Amino acid sequence: MKRGIRTFLTFFLAAALLAGRARDLGVPFDGTPGPLNAITDVAGIEVGQVTLVSGEGKSAVRTGVTVVWPRGKSTGTSVFGGWFSLNGNGEMTGTTWLEESGLLSTPVMITNTHSVGVVRDAYIKWKVGKLGRDADLDEWSLPVVAETWDGFLNDINGFHVHESDVFAALEAGKGGPVSEGNAGGGTGMVCYGFKGGIGTSSRKAGPYTVGVLVQCNCGRRPQLRIAGVPVGREISGDEPYAANFRHNGEDTGSIIIVVATDAPLLPNQLKRLARRASMGLARTGSTSGNGSGDIFIAFSTANPEAAKASGLANVTMLANDDMNPLFEATVQATEESVVNAMVGAETMSGYEGHRVIALPHDRLKEVLGRYKRLSRE
Amino acid sequence: MKRGIRTFLTFFLAAALLAGRARDLGVPFDGTPGPLNAITDVAGIEVGQVTLVSGEGKSAVRTGVTVVWPRGKSTGTSVFGGWFSLNGNGEMTGTTWLEESGLLSTPVMITNTHSVGVVRDAYIKWKVGKLGRDADLDEWSLPVVAETWDGFLNDINGFHVHESDVFAALEAGKGGPVSEGNAGGGTGMVCYGFKGGIGTSSRKAGPYTVGVLVQCNCGRRPQLRIAGVPVGREISGDEPYAANFRHNGEDTGSIIIVVATDAPLLPNQLKRLARRASMGLARTGSTSGNGSGDIFIAFSTANPEAAKASGLANVTMLANDDMNPLFEATVQATEESVVNAMVGAETMSGYEGHRVIALPHDRLKEVLGRYKRLSRE
Amino acid sequence: MKRGIRTFLTFFLAAALLAGRARDLGVPFDGTPGPLNAITDVAGIEVGQVTLVSGEGKSAVRTGVTVVWPRGKSTGTSVFGGWFSLNGNGEMTGTTWLEESGLLSTPVMITNTHSVGVVRDAYIKWKVGKLGRDADLDEWSLPVVAETWDGFLNDINGFHVHESDVFAALEAGKGGPVSEGNAGGGTGMVCYGFKGGIGTSSRKAGPYTVGVLVQCNCGRRPQLRIAGVPVGREISGDEPYAANFRHNGEDTGSIIIVVATDAPLLPNQLKRLARRASMGLARTGSTSGNGSGDIFIAFSTANPEAAKASGLANVTMLANDDMNPLFEATVQATEESVVNAMVGAETMSGYEGHRVIALPHDRLKEVLGRYKRLSRE
Amino acid sequence: MKRGIRTFLTFFLAAALLAGRARDLGVPFDGTPGPLNAITDVAGIEVGQVTLVSGEGKSAVRTGVTVVWPRGKSTGTSVFGGWFSLNGNGEMTGTTWLEESGLLSTPVMITNTHSVGVVRDAYIKWKVGKLGRDADLDEWSLPVVAETWDGFLNDINGFHVHESDVFAALEAGKGGPVSEGNAGGGTGMVCYGFKGGIGTSSRKAGPYTVGVLVQCNCGRRPQLRIAGVPVGREISGDEPYAANFRHNGEDTGSIIIVVATDAPLLPNQLKRLARRASMGLARTGSTSGNGSGDIFIAFSTANPEAAKASGLANVTMLANDDMNPLFEATVQATEESVVNAMVGAETMSGYEGHRVIALPHDRLKEVLGRYKRLSRE
């Protein structure tokens, strides 16, 4: 049955890719993206996703796993990293060691709230499978797994992510375009009252590239701003959650933001980058509500010796004074990733018949045009 | 001579108050401000400012001190508080104890970078004067003093803030309207390439009020967004720093943001509020550049027993789940405070003849109108 | 088969309890313990443990789960809490939300490194079982699960902790004496080169009680100090790890420390308490080595309204100035818990025939006596 | 008059140096110190101190300034650094930028609580004097100044540290032996109820050196442990504060700890080192009382390109896995520095006739001998 799902998904995701991206609709963004306008523009990064869609009603499965491999799935993953929690109503495992060591030693894995554990242990088991049963303690036993809550569309209390799904997502890592919207961990997510999920974008910053990937599940419709325009107020109606949420209309949900760069930054500098994701998110209207797990991680693929096991490592550091273009790039790519997560998503029905509409592309263009903010026709 | 300056200032500041505020020009903001649309809408808060303007060229003094008294200057100041550093290229003394104790036990004082020390020690001396020479050690000996750098307009290396100025600012604390723009610690500050300085705003959030005061010295012209409109690109020209700054065009400078509320929040909840100031700032275009000291403090005037010296204090806490309106209010009031700092400022010339123009009100209205974002005529 | 193990364990643990505690041997400690000298002296706290011991050689299972219920397993668990990482080479999930909210909303669960995930998800599933399939999102979906590494004695790569074990540990929560040494999550742990595991202790601090529970897996033999005496150097020989560890002789391993109190402390005050665990640990000789996951959590069972879902909660706060006795109590109870973990443990053989000896009680008494540090005969 | 004081001090401090050090008395310490057993064993470090002793009764001046120059006073000071607050009832300015940038760009200056401001601004003025009036904004305008409270012996409310004293301390920087006890910022300090102040020590750690300098003003007599022996209980009597302190007998006071190394550590690794100072302090008996400002800073003199102003810096990093010897060294050197601060101090009378006795060397030896902990005769 799973195989059937995935066959279906291949078609489904291809459609999602065809749906276009925010800038194809004429949404104006600052800065210059890389060739893919995706986190995979940072050389070496691979993304693997498993998307689980099956059933209806009480048995609706709408979830998955997204994996970001900093140096690719076959060559090991230790990179300098840092993290920031804008509002910590969420989980990102592995951050205690990341903070201590300055190293990200596993891929960043993202799934739904109730599947963090299975993804975490499955990664270790996958690694044991690669390294052998007698493999010694190492940093890969403290993996980084994050989540947002997809229980509006997904039967989250059914625990539908299994070890084999995690293995598949890990093995699926590859460069190139990244499926957005209803894909991987983002399959069942809702963003500003529209269907959301995975979004990505990138920016050139001098000789460097900054890539961002988000799993967007945050915000309420009236908050949404795109290119500074109050789009969420202009496109009202069909809001999910309306009847059965105590905090109806308030900012809730969560967003995980992964910031990658090939600029040679030290761990403390990567924390600086992670904090800037807040400002890109803010541009889309969020105020990071109490219910939101807005947790951000940044890493650098430079410095191959970063995780040298002993002795002295030769490291290159970009001067703090030269980080401004990277800050701008992070804010811009975060903003665009959030919009891409909505533009790339499709209307979805799921758990108990709940339905979340996709952001209507035509109306978005019409509203932006009215506010003189459409970059082209 | 100082007296002469102050006489001049009385006239000058009255003019600044007459200059109007951002919403008077038709800038659209979300939410409902309090009666003064100022931090002093939070009951009990007093603000005292001393503005020092004299001389020209190498001797140009354009600086001052702004004091925010959480419970007023005569009744003591201990309140629950928390802080956050978005980009820590700046100083805010007293934060180590604030973080440890959860208490803000002195007023928040803001001045220029090179005068933090004199303001700090002068506050202690002022307190010794009140309590007597044999007064015992207490938390008031770890005062909170923050700064931004005014060396473009002010002879900052001349160290022109004196003990007596600090005493005057402390004694000047009062409720009511707050002078904006070229006032107090904000006298010589530059904000998005326009004359900036002190700005304030407030919001009603259910039964509570959130008030914000900023000392705005951050950003570059092209970054400036007001109400989502790229105002900084539309109103170019007359930018300061053009010739002599290595990071010309990049985000630099700093902003100190003080968030006050009468909502009964615990110290950890006030840290949450402080973090939201980032998102209000982001709405105005900042990416918090490397050179920026973007440091935020939040406090609550509720809980008179917060700083009970011994035994058990009765404390009221608002549930985390009910904080969303306060988050919204903080973001909104921060955004408006930044714009008010520019709208309330006047063109100023100072150190070595440097000149910074005020944001031209007519052009701002014209641009907002063009983008359909002027709230009224 | 599992039932057989547990039957065996009932006998085994009873033996462990009979083994006595550190102060019964005459080890001198400061302060006054509660009646049980255990974390369960803090009223309402329940501890549940599942101990898994079976097999030999490559199939040796020596692991388990320890659960600390702040308010008991039947009445919900939300309490004020805070945490601290002295050296973060370890995992404690749920800390991002703990830091954000100031609330500990699940029990604290401790297991081996590779089983954190299964324990985490199993707790959610257990809760879903209690609340029903349609239960709404709440803080209990971000559980606190910590670990230390037991791979020297346990087939950790065999993933032997199962969902049912977690359920059993959750249901096993009860007051009264706590099994120490080779029990629960501590089953396969090694402490200063002696068999370690679970240890507990408590202190009276005026009207309040502080209780500590540790899962001790840290340190190397030469570091060990008991009552200030260099016991580890006096009792050498039979050290584990000798041959096959690169960092032979260095501080490694990990310790999880849970600090509980009925004193009415706010979240920021509980972080202060958690930091003091470092100082109790230091008294036993540790320098918190690079490989150590030394992660501490503190909570207060006071303030039943701490986690009120909405509106205003009435909260009591002990003045910061009155916290000193609690700091002393935390340091003292931590120190004694670590020693109890060793004194209460039994020699164990496990994975690949590895063997770790128990701290020999007679030699400990002899050494302390020689240094005039034996409190009684 | 100041000159007279200093002449007197030259003699006085020479006497203090003659008083010997803790290990000369036979106090056993682990590890191998450098040739000076001082922070100045780390190549390039210079220490400058100004000691102010004059007057009696209400006019008793017993204070000063201690300056630690990471790379010496003439060659600039930017080094990688990190900090940690064990209990933040104190001030260390400049830490916000230190945390952000990972750089310590000024000397570390230590004085009394009420003189932090004058020392801070004086450093900037001194730097302006060196660089010229038109010198541009740079990191040296956010200096690191820390304090402990000397108001028991010193007329702290008389504000007796002046700009010229700070200049003198800055210029006094030199390598070689460091005056301990009643010297510099430590002049009026009290440590575990004995006269304390400045103490220093160092350790070899493989090819590297770790040096520590403390300004010790913390603890109460009954807490004091030396070499694990309860010295404070064995040598009772003559305790200061007895009558007039509310928290009589409790841990109070403060300690500033500066950890220096030539090991090539990154900023996040230096935070790890700073945290270890807690464990050295704990070995001497402290529980870091509520009134204590226990604030620690660590820096590395390696990596001359650490503060490169722009572009790419070549940096060397020691692998995390190789840090254990540095952790041990930090704990050991901190422990010995605290004992040295007491052993090196002289009985002092001061403000209002208060008197604090020095730790009696003969009794210390006698007590250690009784507990079999005297290393030699």
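Letters A, B, C and D name the chains as they come in the text, with residue numbers starting at 1 for each one.
As a working rule, a contact is a pair of C-beta atoms (placed from the backbone, for glycine too) under 8 Å apart; a residue touches a chain by one contact, two chains touch by 3 or more.
Every value quoted in this text rests on a predicted model; they were computed, and no experiment measured them.
*Asks:* Measuring centre to centre with C-alpha atoms, which chain is farthest from chain D?
*Replies:* Greatest centre separation from chain D goes to chain A.
*Asks:* Once you count every C-beta pair in contact for both, which comes out on top, A-C or A-D?
*Replies:* A-C
*Asks:* If you average the CA atoms of chain A and of chain C, how far apart do the two points sit, in angstrom?
*Replies:* Result: the chain centres lie 35 Å from each other.
*Asks:* Taking each chain's centre as the mean position of its Cα atoms, how many Å separate chain A from chain D?
*Replies:* 46
*Asks:* What residues in chain C touch two or more of the other chains?
*Replies:* Chain C, residues with two or more chain partners: 87, 99-101, 246, 272, 291, 320-322.
*Asks:* Quick check: in the complex, which residue numbers of chain B touch chain D?
*Replies:* By the definition above, chain B touches chain D via 58, 85, 87-97, 99-101, 113-122, 124-125, 128, 133-135, 137, 139, 141-142, 149, 151, 157, 159, 291, 293, 295.
*Asks:* Using the touch rule from the top, collect the residues of chain B that touch chain A in their complex.
*Replies:* Listed in rising order, the residues are 86-87, 225, 227-230, 246-247, 250-251, 272, 275-276, 278-283, 286-291, 320-325, 327-328, 330-331, 370-373.
*Asks:* Using the touch definition from the top, list the residues of chain D that touch chain A in their complex.
*Replies:* Contact set of chain D toward chain A: 99-103, 264, 266-269, 272, 305-306, 308-322.
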